[in-house]
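Both of the next two complexes hold subunit A, though its partner changes from subunit B to subunit C.
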Partner chain A sequence: MKFIINREEILLPLQQIVSVIEKRQTMPILSNVLMVIEGDQLTLTGTDLEIQIIAKINIATADPGSITVPARKFLDICRLLPNGAEIKFELQDDKVKIASSRSRFSLSCLPADNYPEFAESELENHLFINAGKFKKALDKTVFCMANQDVRYYLNGLLLNVSNSKLKLVASDGHRLSIYEDNLDQPTGFESRIILPRKGVLELSRLLDDPEAELKVEFSSNNIRIFIKNLIFSAKLVDSKYPDFGKVFQQEFFNQIHIQKQFLKEALTRVAILANEKFKGVTFDISPGSLKMSTHNPEHDEAEEELVIEYTGEPLTIAFNAQYLLDAVSNLDSELAVLTIASNASSCFIDEPGDCGYKFIVMPMRL
Partner chain B sequence: MRIRSLPTQLVNQIAAGEVVERPSSVVKELVENCFDAGASQISIEIEQGGARLIKIRDNGCGIIKDDLPLALSRHATSKIASLKDLEQVVSMGFRGEALPSISSVSRLTLISRISDADCAWKVVADGSEQDFDPQPDPHPPGTTIDVRDLFYNTPARRKFLKTEKTEYVHIETLIKRMALSRFDIGFTLSHNQKEMLNLKPAATETEREQRIAGICGTAFIENSIKIDFAASGLQLTGWVGLPTFSRSQQDMQFFYVNGRLVRDKLVSHAVKQAYQDVLFHGRHPVFVLYLTLDPALVDVNAHPAKLEVRFREGRLVHDFLFSALHRSLADLRPGHGIIQQSATESPPQTQVVQNVGWQNDSATQQSTPGFDNKPVYSLRPPLPLHVEETVQAYASLYPKPEPVAQVQPEAKPLGHAIAHLHNIYILSETAAGIILVDAHAAHERVTYERLKQQYQNGAVPSQPLLLPIKIKVSAAEADLAEQEQAFFTSLGFELNRAGPETIVLRSIPALLGNTDMETLIRDVLADMAEHGMSRRIQEKSNEILATVACHGSVRAHRRLTIDEMNALLRDMEQTERIGQCNHGRPTWIELSTGDLDKFFLRGQ
Partner chain C sequence: MAEQLPLHFEFRANQTFNDFFPGTNREIVTHLQRCVAGLGEQQIFLWGKSGLGKTHLLQACCHQAQRQNIRSFYFDLAHAELPDPAILDGLDEYDVVCFDNIECIAGNADWELAFFNFFNRHRDRGHKLIVSSCAAPNDLAIRLPDLKTRLNWGLALKIQPLTDSDRIAALIFKADQMGFEIAPQTGRFLLTHYDRDLAGLWALLEKLDKASLAAKRKLTVPFLKQILNEDSHD
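Presenting the complex of A and B:
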């Protein structure tokens, strides 16, 4: 096996692959990247057994073959070679020789036969989506995913396709974000799958070109997404996503309109003196005015007052400032719209008008 | 098969199966009889681990000649007379089974003389409860019981006996434990004609401590504090080991309820909780504790060997034990600040539970000549509701700073910092010697106690859940969760029943944001079913506060200035449970001038 490649051609795919490879491994081969040459195509594969990324690169001069090499070391070598360097890669006996102008490296490697196969069942559902649109959907939802919750289905993202409607939902049990959009082509099927947390974060990193068209294939166990020369595959979380519909079926107070920037700044300042473990901040809302206040166990106190657009009954509600900040920061508009359920049991945050996404934050009882 | 009544001897042998398990159980029953007879000196002779001979002699009240045959009959006793007596047993025994059971599996001789009789009388019994023929005998006032060839007629039991040595060790352990319960009685124990134990009656505090040291080792007395708490008609006295003096096994835990050694789940649970967060992982505390309460509030008729008891007011007893021990561990701090405080403050003397039926009624007293003077609870004035600790115990723990001339103007218990060694340990000079402090561990405890205080004072913020957590439990647990809703609400939970075997968690305490709620709730319910209460939620919050404290404390290797170190030492003097960090590691050690002198052979 032998090939010559320009540093620039291999560096980016290699970086994308290495990010799924766990640093510490019990199976040594999993810290390696699989390299296969068939015809004039080089295929790089990295996996952690839950997610797999495959990159395909066209090369001119190559002898076919396959091998696995330590991913991080190979990446570091390529990364630290000068711009535009020609990299010569050659398998000799059980070593891989890498040469570029005056640099010589010899890497220990493991045979490709032992590289774990990523089991995929037949993927019966297909859809096409623009990468920019999908990236936005992910951005509006990923921050609400739970991390290492015992309710493992919350450590992921719900992807709900219903003919031409796409819905993404993430929640950690305390807050929820929901994003809805229309697909360009009707898919003709209805399905709900849960993408694992790590997969979602990796995927979102791969969607750097907003113009690209994605082909998404999935079954109830697996998902595969074609992103230009990359193929991203992941195992799905095998569970039912909890029913969150009830939160919409309640009465609400009038909408509160607040300048997003002012709200963010005021919240950040007030939160300095909130309890550092759960950042409780109390909102006293009355027509035209929002007073937020907090205190902590050391008896420090903070207060801020904001001008808001609100007509209706005065009300008092408390929030974890961090949850509110996360939600408000993800709004695109200048104006934030807060809609509070009439029994003060939840708060909806979105933009004025129809924006396709919504954040729900549960209040606290202080 | 026809139904017939069994011969008396067989009935007794069946009873013996429960009570007489091995030689040490015979000794236990007989020594308890000596206690009930008001003896002040008991001698026990053992041969071949008790298999050949157990001979117990006391100088108690003795048995009248005419009662001797009765004493050896089933369900005949002088200790109780009515159901009312049974409900408030003040004697060790009451079942009237021990002697006939023992006599049915051994060759038993009973010799007894009451003080004003002309001579002693002797009877031999075989468990058949007939043909008693009292013979005169030259025996001093008191009773001797001679049990030979235990299990001679029940070979199956005999086969289960362990080696002579093992059986003897069981007896010796038992005698030691019983000796701890009655300091006013002298004990001698001999094995194969060799004297093994000789404990004199201990009247003074020092003699008592000597007896304890003889049984639990001198290290125990040196590393324990004496406690004396009383509240709501309960009194707890005794010695508890410092958290640093722990053991890997639960073998040095003696708990006496009204003078009776018990192993009770409720008690061990309360003790375990009191030692929470001061004991190093996997270690067990040591203690010798005496709980005294109205006999009517404890049911001893729960176990044939009376190892378990039932408290009528289990929760009250649990809370009392927990708070008494928790308090005494919290007050362990350098110097004796707490003692001075409790001496000056006059403790509130409110609410004392009426001690109904506390003393024996006079009728029982007359019929039981041996008991009137002994039991410690018989004539106690209503217990005041205050806490006091014994100054001497503290003084022996922390040598009083002698006013040495050249030290700083005011002598602080932890002295004044001199240096920060390796940027980890604070070296401090005190009046009595030097102290080394692990700065991180000590600061961790200071921060932790402060945080706990702050959180306990405020309301409990709760976080409603967008996606409620459904928990499948048993129907009984769901009932319990419903019943204890007030308890859960007070801690920031909102629990509802959603079905016969489902509960739904709608709010959680904000502090416990990321913990596994399902497991926590299950554990709490299990605790409640078992002990009637649970402190798991508090423990969980404390764990989180401990992590916060750990991160918020100065790290090892951060250089501290002298002023910073002195400030830490002063904080330590004010902090509860300062002896250990949150994980049970010690925070400071002391080397007295005496110790230092020893290193250099000064003054020798």
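Presenting the complex of A and C:
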């Protein structure tokens, strides 16, 4: 096995693959990248057994073969070579020789036959979506996903396709984000799958070209997404996403309109003196005015007052400042619209007009 | 003490055979499944104390029937007042009919007679009847002797309470369906320190689910003690 490649051609795919490879491994071969040359194509594969990324690179002169090499070491070598360097890669006995200009490296490798195959069932559903559109949907939801919750379904993202409607939902149980959009082509099916947290974060990183057209294929166990020269695959979370529709079926106070920037700045300042663990900030809302206040066990206190657009009953509600900041920061508009349930049991945050997404932040009892 | 309120997630817990933890009652499940599918008894009388899962099993029979495109009907007689016995009209056309808490018609002459007539029509058509009750057929206060005999015709099955180890397994099973984990020692703690009735345990499980979601904590024994303590102070 032998090939020559320009550093710029291999560096990005290699970086993308290495990011799914876990630093600590139970199987040594999983810290390696699988490299296969067939015809004039080099295929790189990395996996942690839950997610897999395959990159295909066209190559001019090559001798076929396959091998696995330590991914991080190989990446660091390529990364630290000068821009535009020609990298010569050759398998000699049980070593891989890498040469470029005056640099010489010899890497230990493991045979390709031992590389674990990513078991995928037949993927019966498919759809096409623009990468920019999908990236936006992910950006508006991923920040609400739970991290290491005991409920597997919360450590992931619900992807709900109903014919030509696309819906993404993420929640950690304290807040929830919903994003809705239309697909250009009707799919003719209805399905609900949960993508695992790590997969969602990796996928989001791969969608750097908003113009790219994605092909998404999935079954109830696996998903595979074709992104230009990459193929991203992941095992899905084997669980049912719970129903949260009840949160919409209630009475609400009038909408509150606040300048997003002022709200963010004031919240950030007040939060300095909030209880470090709960970050609780109280909102006293009356027509035209929002008073935020907080205090902590050290008896420090903070207060801010903002001019808002609101008519209606005065109300008091408390939130974790961080949840509110995350939600407000993810709005695209200048104006934030807060809609609070009339029993102060939840708060909806979105833009004026129809924006396709909505964040829900659950309040605190202080 | 500051407290984060969690979102209200709902699990539409299906009352199917798959959601039922059989424990020592596996045989009952088999009998019911065979009955619905038309491979077993024509009539089943299921009895036992409340909170053991009779309603769940009857509902499961209807779910299964629905899946197999068999016409089925379920009615719980324990709700408030007995309806007009006219509800029985035309019911004999249904392949599988389930009546929950049949003891409620005992002593109501109109209902007893109407049920007796329905029973005969339904049985003549070869359709299946599944009834549940808190007592064995002979111990029911049914006044119409012919109806009492007929309720005795079929297979009478007594639903058994779960053993302690099965109860723990059932808790873990149910929690798993709700999407979270309960360690066996946590289950044992709940059984020794709290409700031993299954229905009470399910209600408790929902409360624990909410508390662990609010606090983002696993259900460890110290955390349980804290939740149950706060509860008793409310």
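As a working rule, the second predicted complex is superposed on the first by the 366 of 366 C-alpha atoms of A that agree within 3 Å, B and C clash if a C-alpha of one lies under 4 Å from a C-alpha of the other, contacts with A are read in each partner's own complex, and residues count from 1 in each chain.
FYI, contacts are C-beta pairs under 8 Å (C-beta built on N, C-alpha and C of every residue); 3 or more make two chains touch, one makes a residue touch a chain.
These figures come from a predicted structure and were not determined experimentally.
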After the match on subunit A, would you call subunit B and subunit C a fit or a clash?
-> clash
With the two structures laid over each other on chain A, which partner does A:Ser239 touch: subunit B (first), subunit C (second), both, or neither?
-> second
Considering only the touch criterion stated at the top, classify A:Tyr152 as touching first (subunit B), second (subunit C), both, or neither.
-> second
Looking at the overlay, does A:Asn229 come into contact with subunit B only (first), subunit C only (second), both, or neither?
-> neither
Just subunit B (first), just subunit C (second), both, or neither: which does A:Ser171 touch?
-> both
With the two complexes superposed on chain A, say which partner A:Ser19 touches: subunit B (first), subunit C (second), both, or neither.
-> neither
Counting only touches as set out at the top, which of subunit B and subunit C does A:Pro297 meet: first, second, both, neither?
-> first
Would you sort A:Met364 into first (subunit B), second (subunit C), both or neither based on which partner it touches?
-> both
Tell me which region of subunit C runs into subunit B after superposition, given the options 3-11, 75-83 or 93-101.
-> 3-11
What part of subunit A is shared between its subunit B contacts and its subunit C contacts?
-> 149-151, 154, 171, 173-176, 242, 244, 247, 275, 277-278, 280, 320, 345-346, 360, 362-366
Show which residues of subunit A lie in contact with subunit C when the two form their complex.
-> 146, 149-154, 171-176, 239-240, 242-247, 275, 277-278, 280, 320, 345-346, 360, 362-366
Once bound in the complex, which stretches of subunit B touch subunit A?
-> 451, 454-455, 457-459, 461-467, 469, 492, 507, 510-511, 513-514, 516-519, 544, 548
Counting only contacts in the complex, subunit A reaches subunit B at residues 148-151, 154, 171, 173-176, 242, 244, 247, 275-278, 280, 297-298, 318, 320, 345-346, 360, 362-366
Touching residues on subunit C, where the partner in the complex is subunit A = 2-12, 179-181, 212-214, 216, 218-219
